[in-house]
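Read from first to last, the chains carry the letters A, B, C, D and E; within each, the first residue is number 1.
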């Protein structure tokens, strides 16, 4: 409808009374044509943030500005209601209107953007056919499969030509081909229409492929924000580390030696504080990360160049294509990728004691 | 409750009147402690199959047998109602009872399996704490995030100790760590309790990690069934090929030369029938598949050993970790993985014309 | 919500799960007995031999027409005024909502005759609003067909409002929110989302209101008196007949009954084709 | 469904989306006028000076007690019998369901006085079931307090059944299905899932039934006569008072009104703490 | 009326609504004479009461405002021979301020005058129809009320300009209405009939009927605007 403009939001809301929940306090910004991916564990506040942007949940402080227009600013008592924000929302639960056929679902948004009835239905049919949903146009929501409903919800939001697009896990429940198609469709469509987009996802690939900026939430706060490659390469939370499949520990560095304050790979470390030797020099609070492929596994304490050597016990083994991913618990709990050949040779099995080593040069270290 | 027994089902149902839908006709079998993964595109009939196993949708023919007991057999007018089947269902939409707190959601199943009220709530609390949901025990469904609700639905089904477990995309909407944890939890739990399990998923990893048998559905019929590695290595449908990330074509083989009858990689092939040279000899209807990494991309028509050389045009480029995945359209449309260095060197960009080559030895060929 | 398909693959049917439990069957049977026995009694006692004479009596036809007309008009009035009020009670937030909600139940509890007195006190010649209506609009409600509609609407309104309010409350408000994000104003949302989702409740509210208006006696006779052709609806005709011939009153009641139940059955089955029918 | 939180993060509120549209406000205002003006009229006309004397009159207290007692008993009867019947109509599939559903609306349409005649024809001395009840159980219903409950239940039942049936229809049957997979029998599912989900509908049905029973006059007086202490409920007392002293009748009505609206307001606000209150 | 001591027995009297005031007065007289009996009065329209008696309503006395309804009870063999204890005649009443300026029954024959009568099926209505015809009034009423008290109510409320009611009812309304005698009314009098019903308390019931036609009873009836019963029907006390 209007010319697309950038999104600039600072979302603050107090927790609902009675629950021990957190205060949400999140800054989000997306330029024209930019996609912000919002990542974070379940219950981090991602969907709530989207609802606040859409005007469905009031801010207690902060602001929402879109294309220079202030949509909400409690400090100045500004609050544009949802119906005059022009946002397009794909809610996490699809929420197709139960009484409308698929064609009318899509036409719904079009009509309220000014199209008349016949025009809206025609345009809706066009959208459905372009997105491969033409056959479903006359179905009711109760006659759709979960994935079909999801796709209709996405098309419904896109068709309304919103000034701001809010996608809550849009690709969940879709089959692989639909994911591939939609991912590439979204990439082209979003770049083309230039609408700022906020995309909630649990899929690293979505973030890497679609997003210009990644924002990682946890417990209502931003844990990390930056370019996708930056975030993927230098995770600052267990969530992101798990998402991109890296081992991550946090510690205090004194030159080349990091004393761990928390070791984390999803299994939880125990025991005396371990140390990590790094190639680059750093001081103070730092994160260290390395790839599972950089970890060597040995039957005996290894001799030689690797400077980081720890004891451990295998707690999980998962075949991953050509490799086997081991979960190792010890002073530093970590993931290690080994070949099936190595598994056979070292006679690896759950509960087996092992030694693991990581070369100092394989460890990336950066300030916390 | 009862000793676990194997599942043997042949599910047949006519399409609902008025819709142009297909007849569902699916055979499923799972031994004690076995997991059957059901894959397939959206709308293939996966959820419907689960509903039929649960007794929520009647069979028009076929049978459902569990541990030797016939649960449904229209031919013999047998139909055990849902409440006496002892199945545990995680529906696609979670469907937490809106009026019950989380603790009572889980206790619900326990009570109907014979526990008294206090016992059920105690046991429920135990389950929630063991699965990291203890904090949510007093919340209502409307106060949960999407992923939290999903986890509660899974725990609710597991806690009831069903004789058959039906999981409809259990890991969708979960964050990475929860997925990792739940995947390993399910693997151990299912092996331990020995309950046959049917798992619907869109994630290749779920199928590979958790399943003993994979069944691929399309339009209500079984397209392929077998061990996960077998299915992953020799896909028989575009869906599975896309799922495991392989290029797949179908054709008629005369010795070492396959004339394509349909080329498929998710982008849809066009033009004159192309041919694929293979290293192994086959005759008749065959599938050929090869990995995207086995595809070389050239600026000019390549000289040398590769026997399969096609023209093409780049239609998509996606960075994938260390590599870039190209979508190439041409006589054979395919996916190709190249290094970022190669992209720079060859000056690859969307719409650029390229040549692609595949060595005959890299092509796996097997009867259709 | 609405439009659940007859045979559902994806949707819940609630029907595939075994036998009807006796704990429900037994009380339901008693309920049916309580409803059916009196009807049987009426049928047994009715003087069938006089039926043809009654049916061709022009006054009966007149009263029946008047009843159907006024009851339908009252239902429409209730829908037009009551649905918005129900929405206000269910979805809007304003001071005095408690009081207003209590107010709605007033005509329910008021014995109908007193309701008629109240209407006279309000809209009668000497009533608080009656004089004003007469002076400014020249509108006199008592002893007119319009007055019958007012009286019937007054007693039927709470049924509609309560039924619709209940339906609005159980309808999922997330759909309203979503409609707003698409730019639908509150009014558009109401028309295109809220109301369709609450349709079964609105329908049963309308049925209740229509039936209540059709059977309405006390308020009508008190507010409007009873005169053939203008205010004597079937219940009033039945009551009048009763003075001389009790049995005749029964016969007239049965006529009213058959007509109205037939209409209801027809409409309900058409609009409410149910999930398991 | 039930238990939507006061401030919802994840759930829909329907409240955050702008001003109340005038298209709803204006008709709602008319509805309020129609409900409030008659009440105002009553208040204006009531002979307040005689209020203390009336309130202390033992017969008034007796009638009020009897009314509250019988109306509450009737509501309980309606709940116990009517909810199962509503479930049967909404969820079960059996021949004659159409007829049964039509049957339920009968007492709605029957003018209450004829309802009383029908009850006499069924349970009276010479009625189709009355003789049998008397002979085998020694139970005589007419002209007894029990008979009052029967008459009130008869007229109030349809309100409950229709309201509950509507609520059951809009409740999502997928939850019933899911409950079955957990081994819940149909009866357990009904108690633990269906009924809680339909609770707002059941509640408003109960309110309707209670209020209808409380205001019930015609069927009661015809079936039970008007005997102080046993069958003379408030509406009958008001009717009796009207013969001698019209104004007194108004005062008694107001007493009934205040008591019942107070009770309703109390209970409703406690049970129905709404989404946007 | 509840007395100080618990009365030993109860006498239930069912009576037409027009008898409300008379019977309320007589209840006191009766209970004073017979402290062991508690009189319960229940008023409704004659036909409803008759139907209830047929259906077994517990009652000792039934008093109706006409003969026809009484006949249904007697034909069922539920009571003894009915007794006419009073008669009533119609008067024209207007609201106290007489907004329609009605001076006589002929003033009703004007389409601008809103007047009420009883339904023809009711005793007062049958009489009204005859009276109106004899007086040459052809303009229709705005309403035919179900009982005489309802007709009176409409006049008291000021909703109509005039109404035809029994003299006794007009008297009960006191100063709230103006009563205008109708010359031809004495030709269309209606009887009030009482009957002792079969049952456990026939003795107490008989005492009530005797009280009605006793000198004291007749005085009360006269005080309330009723006319005495014709001497032929009178029983000696």
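The working rule: a contact is a pair of C-beta atoms (placed from the backbone, for glycine too) under 8 Å apart; a residue touches a chain by one contact, two chains touch by 3 or more.
None of the values given here were measured: they were computed from a predicted structure.
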Between subunit A and subunit D, which partner chains are common?
B, C
From subunit B, count the fewest steps through touching chains until subunit E is reached.
2
Once you find the CA centre of subunit A and the CA centre of subunit C, what distance in Å lies between them?
54
Taking each chain's centre as the mean of its CA atoms, how far is subunit D from subunit E in angstrom?
35
Among the residues of subunit A, which ones contact at least 2 other chains?
16, 47, 55-56, 81-84, 143-145
Could you list which residues of subunit E touch at least two other chains?
48, 51, 153, 157
Hunt down the residues of subunit D that sit against at least two other chains at once, touch-wise.
1, 4-5, 8-13, 16-19, 113, 117, 120, 124, 174-175, 177-178, 180, 185-186, 189, 242, 246
The answer for subunit D against subunit E in the complex is residues 58, 113, 117, 120, 124-126, 140, 142-143, 221-222, 225-228, 232, 240, 242-244, 246
Subunit C-facing residues of subunit A, complex
54-56, 81-89, 91, 95, 97-99, 108-109, 112-113, 140, 142-145, 160
Quick one: in the complex, what on subunit B touches subunit A?
16, 19-20, 40-44, 46-47, 92-93, 135, 139, 143-148, 150-151, 168-169, 172-181, 183-184, 202, 204-205, 208-209, 238-239, 242-243, 266, 316, 318-320, 327
Spell out the part of subunit D that touches subunit B in their complex, as residue ranges.
1-5, 8-11, 174-175, 177-186, 188-189, 192-193, 196-197, 199
For the complex, which residues does subunit E have touching subunit D?
2, 12, 14, 17, 20-21, 24, 40, 42-44, 48, 51-52, 55-59, 149, 153, 156-157, 172
